[in-house]
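Next come two complexes, and both contain subunit A; in the first it sits with subunit B, in the second with subunit C.
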Partner chain A sequence: MTLRSPANRRHGLFAQLTLQQRFYVVAIVLLLPAVMLRTFTAFYPFLQTAYLSFHRYNPAFDHNGPVFVGLGNFQRMGADPVVQASISFTILFVVGATFAQLTLGLAVAHLLNASFRLRFLSRALVLIPWAVPMAVAALGFRWMFDDQFGIIPDLLRTLAGIEMRWLIDPNNAKLAVIAVAIWKSTPFVALVLLAGLQGIGRDLYEAARVDGANAWTSLFYITIPMLLPILITTGMFMIVWQLAVFDLPFLMTGGGPGFSTTVIAQKIYLESNSLNYGYAASISMVLVGIVAVVGVIGLTLFRRFDVSI
Partner chain B sequence: MRKGTLSKAVQSGISRRTFLKGTAGSIAAALAATGPSKLLAQGIFAPKLIRQNNTIVFAIQEFAHPAIQSVLPQFEEDTGLTVQLEGGPVSGNDMLTRYSPAFASGTSPVDLFSDADDSSPTFMRAGWVMPLDEIIPQETWDDFPPSMQDHIRGFLSIDDVPYRIPHEFAVGYFFSRQDWLEERGLAAPTTWEELVEVGKEVSDPDNGVWATTDGLIKPALLYVYVAYLAAQAGGKVFDFDDGTAEALQFLYDMIHTHRIFPEEALNQDYTAQNELYMGDKVWFMRQWPFFQGVAEGNTEWYAPEKLVISLPPAGPAGSKSWIGGWGYSIPTYAPNPDGAKALISYLTSKEVAPELAKQQGFLLTPRNSILEAMSDTDDELIAAMGLYAQNDVFAPRAFHPRVAEAQTVVDDMASLFLTNQSSLSEVLEQGKQLIAALDQ
Partner chain C sequence: MSQQAVLHPQAPIHERPGYRAALLARYGESVLIYAAFAIFVIVIGLPFYFIFSSSITPSTELFNVPPTYWPSVPTLDNYLRMSQSIPFLTYFRNSLIFGIGSSAVSVIAAGMAAYALARIRFPGSNAIYLALILSVALPQIAVLVPMFQTFNTFRLVNTHHGLIIMMSSLMLPFTIITLVSFIKQVPAEIEEAAYIDGANTVQIITRVVLPLIRPALFTMFLINFIISWNELLYPLVFAHTVDTKTLSVGLTELTDPGSTYTKPWDMMSALSVFMIIPVLLIILFGQRMIISGLARGALK
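What follows is the complex of A and B.
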């Protein structure tokens, strides 16, 4: 059916189109803002980053624009001890923190799912660490872990007789940074898992109990399988989110001692802040590669466990 | 969506025609409101769009605003321009983070700004700040003492053309607890050996009392102290030479061997350092001039004898402390370059600079006009400046074209060594390689 009556024609080109043509025009017009937004905020930056990763470009020194260096930036990364250390700590940070957040989050969710007085208040209080801005948490814990001023070394010394130097020992500094990340994000994971727990019917547990299941077997044969889709979704979210961590280690330790707590994002920041856009872009592409690998694993798991996304 | 469905949607709500007319009308109204001539001339995102041409935006750290504001009425009356003050970044790294994206895209959010040593060389080489040789009168340049002329030529110029004019003269002063020293019949140490000797006598690590300390957290603060010791050892810190090795070993020994310097300083900033000193836990320390104001502000604790400035303990190359600081620059893409040129000339003139220096240590340099104007004051920092000048303490700040990156290398290497992650020879070798990689 067409709409080409004389009355419509006088309104211009749009009126001369068929209804289907108008449908596409309107669709394009409506989609255009979203497409442009994604083009300027995602596609173009990604393509530009990919382009720069094969170039040497520092506007302070390369006045004629980017110089093509092929895989030179990636080769340089192989010999850069800071990049290597940052990749290994980032992976340790993400794996360690995510595993602990899921485990502790599940435990906290169980506690919050129980029936007890002031349950609603407890749920609100548990969320406090999540509500604290990361920069505030990082600076606060820097003081709390300080061996001269901090409450944590003092308590450990006084109550348990443990003498530990936290932020000036490479291994302890890693532990401290990961511990703060766990403290900060476990409440969020717990809240998500709590929502999942509330969706599991009580009758399943009652039937299991009749069959002789104890708390542990119920956990492993009912709770975890039923929560698996949420655990996978939350775990993937935490991994991808924490791969780009920057503020916590940067403000808590400055990436030190040495570069033991330097993360990939901090290295990218330092390079781009020195206007080494080419090298920073190549490290960013490595980060993209890691996220892509994690993403593929996540999608595989999603399909395997039939997670709806 | 099928045609029928679309038609139903159209019939049931707002018509397409009305929707499209409304959208087009809104866009047209928005364009008309912003001013078509400005859009055509400057583009949608240009900051000039919202700024009147008679306004100069000047970014400088907020604590300096009262002093600057005190001299602005005269300037505004003489020129008819209005100066809008904004809080500037507090470090070179912050400076690069905040301004690089704008400068790289050919715009500038400010007309004039106070810039740091760590960021100036980058801005200068990228062509993002203007040469000042023809903007600042020669009599103003001549007003700087020889020690600062070296700094201007070496750090703030390319091919002898200056791109920044200093407004601050930052030097690490050696503060001592004269009251404690007199009580114990001791004198402030004058050499590294004396620092160790006196340090061992006064330190009580088990009770948290230390001979000396500093803020050594990365980024940049560890570099500051290593460069300070390297200057005293006669080393070029970016060369990782013998003098630098001697400085690193001396710092290591103070921390681990003699235990007169807290290891915790490696993760502490200047706030923690100052707290230790004002918490009566430290006998002597190197600190920037701002500490004088911080200590005097702590009226419950402060007494002049608690904060006596003496010469830095001399290393193999003598009693040295490197100088640096902040200065004014004009972005190449300043929206109001003429206003910025007028303002920078005014603020640095021989008449106005002394007025600013009297009010704020951040605006104090040993310029002849300033020293003359302040000769009758009993300002501790002026006296210390004179003492250091007489004893040839001032050493030029170590220069590298990629200074921020070079400083990071020193930070990393020193931290690896001082936390026992690498040996001295390893960090010297690796440091040289990393610095060499910067030059490629």
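What follows is the complex of A and C.
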């Protein structure tokens, strides 16, 4: 390529380059800030985390820097009940919340897509849970679920006659934390699915109706298959994103009662605060490993269902 | 209906045959829709109602069994005490600097990168795009310790620009994905025409591309502002001074980590209301743009 720009009236290094080379220079300049930011806060620190995960490093004791321990940290995890509890709760949280978000999100998307007079209102309202700070939602619900002063136990008692203790019971506390995640993120899923619903042609439904399909058969034989690529993409996104959840359980239950609602991220936070940097790094690697496994499954599903990303 | 009206002209409308079925056929669906809408409004609205009513309930009444649903004497006392227990205005300012700064930097850096990735073919462009979007999956917490050490070395802890650097970087992948998909929809012919007319690269970007993608940039600015306004982990770990702490950190400071009964829900709800108001305003103002921006980023 020896094309030269017709408008080239300048001289100097840049002017002597071919058009193609100039494009490369422009591309590098344009990409530089983004690549530098990500390198500084993601790629480089991740390499350090990987390095630290094979070392014992507590700056309060190890004054000569990290000490190599091989797989020592990972063996220690095997004997740490909190790590195991946090991994199992994180998986329960992510699977339960994502499944409910997709199911309810599809229902809400239908509501947002239905033609009725208050539709504009429903589309404004649906953004609110997504937009409200997680800290506000977590603390607000923490108070609403309070076993003594909360309105949720009170409403359940007066309206449905259900007597339930939430945050002091390990299993119900798990349920409560997952419920808040569903409340907070279902609207986001619904908005994405709404965009998908709007892309399905009406003629498909009309043809199905002529052939005698009812609402349910239309849902299972038209809507869900047509939305499958979006459902998979959104589901994967929600799983990966929620695997790293921190602020919700941290503020709502503090990980308790006991360690029943401690997520992996909070365990990492606790170990980091105790200056066990090496151990925290190895738990981080486990978290990244889980994310990677989900990612690979996701990519396989993408290929299988011929989704273009 | 009209046929039945002819057959039974004198009968009251609800006694005519087929009335129920016709009613159900005609209004059944909308009754269902409005019932679903009512449930939707209650589920979404109840927490906000409760947070707001708590914020104007005197603290003596707030700790009642059964709980107070609406205060007998509404008061603004909680707001007053909240602003006295934490430096509310300073935190508010810090949140604004953090939110506006992070979203501005992320939109500018992402806009530049997205243009290069969407329009310029160069070796390694796919690899860079993949690395940038895959890094969205890297959990914040997994790199926190090394990041803290690096930021400490560069004296970026407890600074506004340090917080803005990490927050804007966190939002970059999603912003880039959204903007790349937007730029790819803009026909490249316009830019090619400008090249032929003798415009240089800088002119093309500022005079042709920028006006075309301005709505997308503005949408991403709003979305990123909301995300950074809500961010807790980064300010919690990297801001220890009054001059850098944000409102979300202030909310955790009000929380007494000790016993349940000492949690100052009166002040927390007041601060919560203040944290919700800006995002509510943005949603009222930019609802349509935000919905399209979120859907685009997640679909592509």
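Definition applied: the second predicted complex is superposed on the first by the 271 of 309 C-alpha atoms of A that agree within 3 Å, B and C clash if a C-alpha of one lies under 4 Å from a C-alpha of the other, contacts with A are read in each partner's own complex, and residues count from 1 in each chain.
Everything that follows uses one rule, which is that a contact is a pair of C-beta atoms (placed from the backbone, for glycine too) under 8 Å apart; a residue touches a chain by one contact, two chains touch by 3 or more.
Quick caveat: nothing in here was measured; it's all calculated off a predicted structure.
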Which of subunit B and subunit C A:68 touches, first, second, both or neither: neither
Contacts of A:281 with subunit B and subunit C, given as first, second, both or neither: second
First (subunit B), second (subunit C), both or neither touched by A:220: neither
Partner chain in contact with A:165 - subunit B first, subunit C second, else both or neither: first
First (subunit B), second (subunit C), both or neither touched by A:259: first
Subunit B versus subunit C as contact partner of A:116, first or second or both or neither: second
Between subunit B and subunit C, more extensive residue contact with subunit A: C
Subunit B versus subunit C as contact partner of A:81, first or second or both or neither: first
Which superposed partner A:305 touches (first subunit B, second subunit C, both, neither): neither
Overlapping contact positions on subunit A, where the subunit C interface meets the subunit B interface: 22-23, 26, 143, 146, 148-149, 254
Contact footprint of subunit B on subunit A as seen in their complex: 1, 11, 14, 19-20, 22-23, 26, 29, 59-61, 63, 76, 81-82, 142-143, 146-149, 165, 167-170, 173, 253-260, 270, 273-276
For the subunit B and subunit A complex, residues of the former touching the latter: 1, 3, 6-7, 16-17, 20, 93, 96-97, 100, 104, 121-123, 125-127, 208, 217-219, 262-264, 266-268, 272, 275-276, 401-402, 404-405, 408, 411-412, 415-416, 418-419, 421-422, 430, 437
Residues of subunit A defined as touching subunit C within the complex: 5-7, 22-24, 26-27, 30-31, 33-35, 37-38, 40-46, 48-49, 52, 107-108, 111, 114, 116, 118, 122-137, 139-141, 143-144, 146, 148-151, 154, 158, 183, 187-188, 191-192, 194-196, 230, 233-234, 237, 240, 243-244, 246-247, 251, 254, 265, 268-269, 272, 277, 280-281, 284-285, 287-288, 291-292, 295, 309
For the subunit C and subunit A complex, residues of the former touching the latter: 30, 33-34, 36-37, 40-41, 43-48, 50-51, 54, 62-67, 69, 108-110, 112-113, 115-117, 120-122, 125, 128, 131-132, 134-147, 149-150, 165-166, 168-170, 172-173, 176, 195-196, 198-201, 226, 229-230, 232-233, 248, 251-252, 255, 257, 260, 263, 265, 268-269, 272, 275-276, 279-280, 282-284, 287, 290-292, 294-296, 298-300
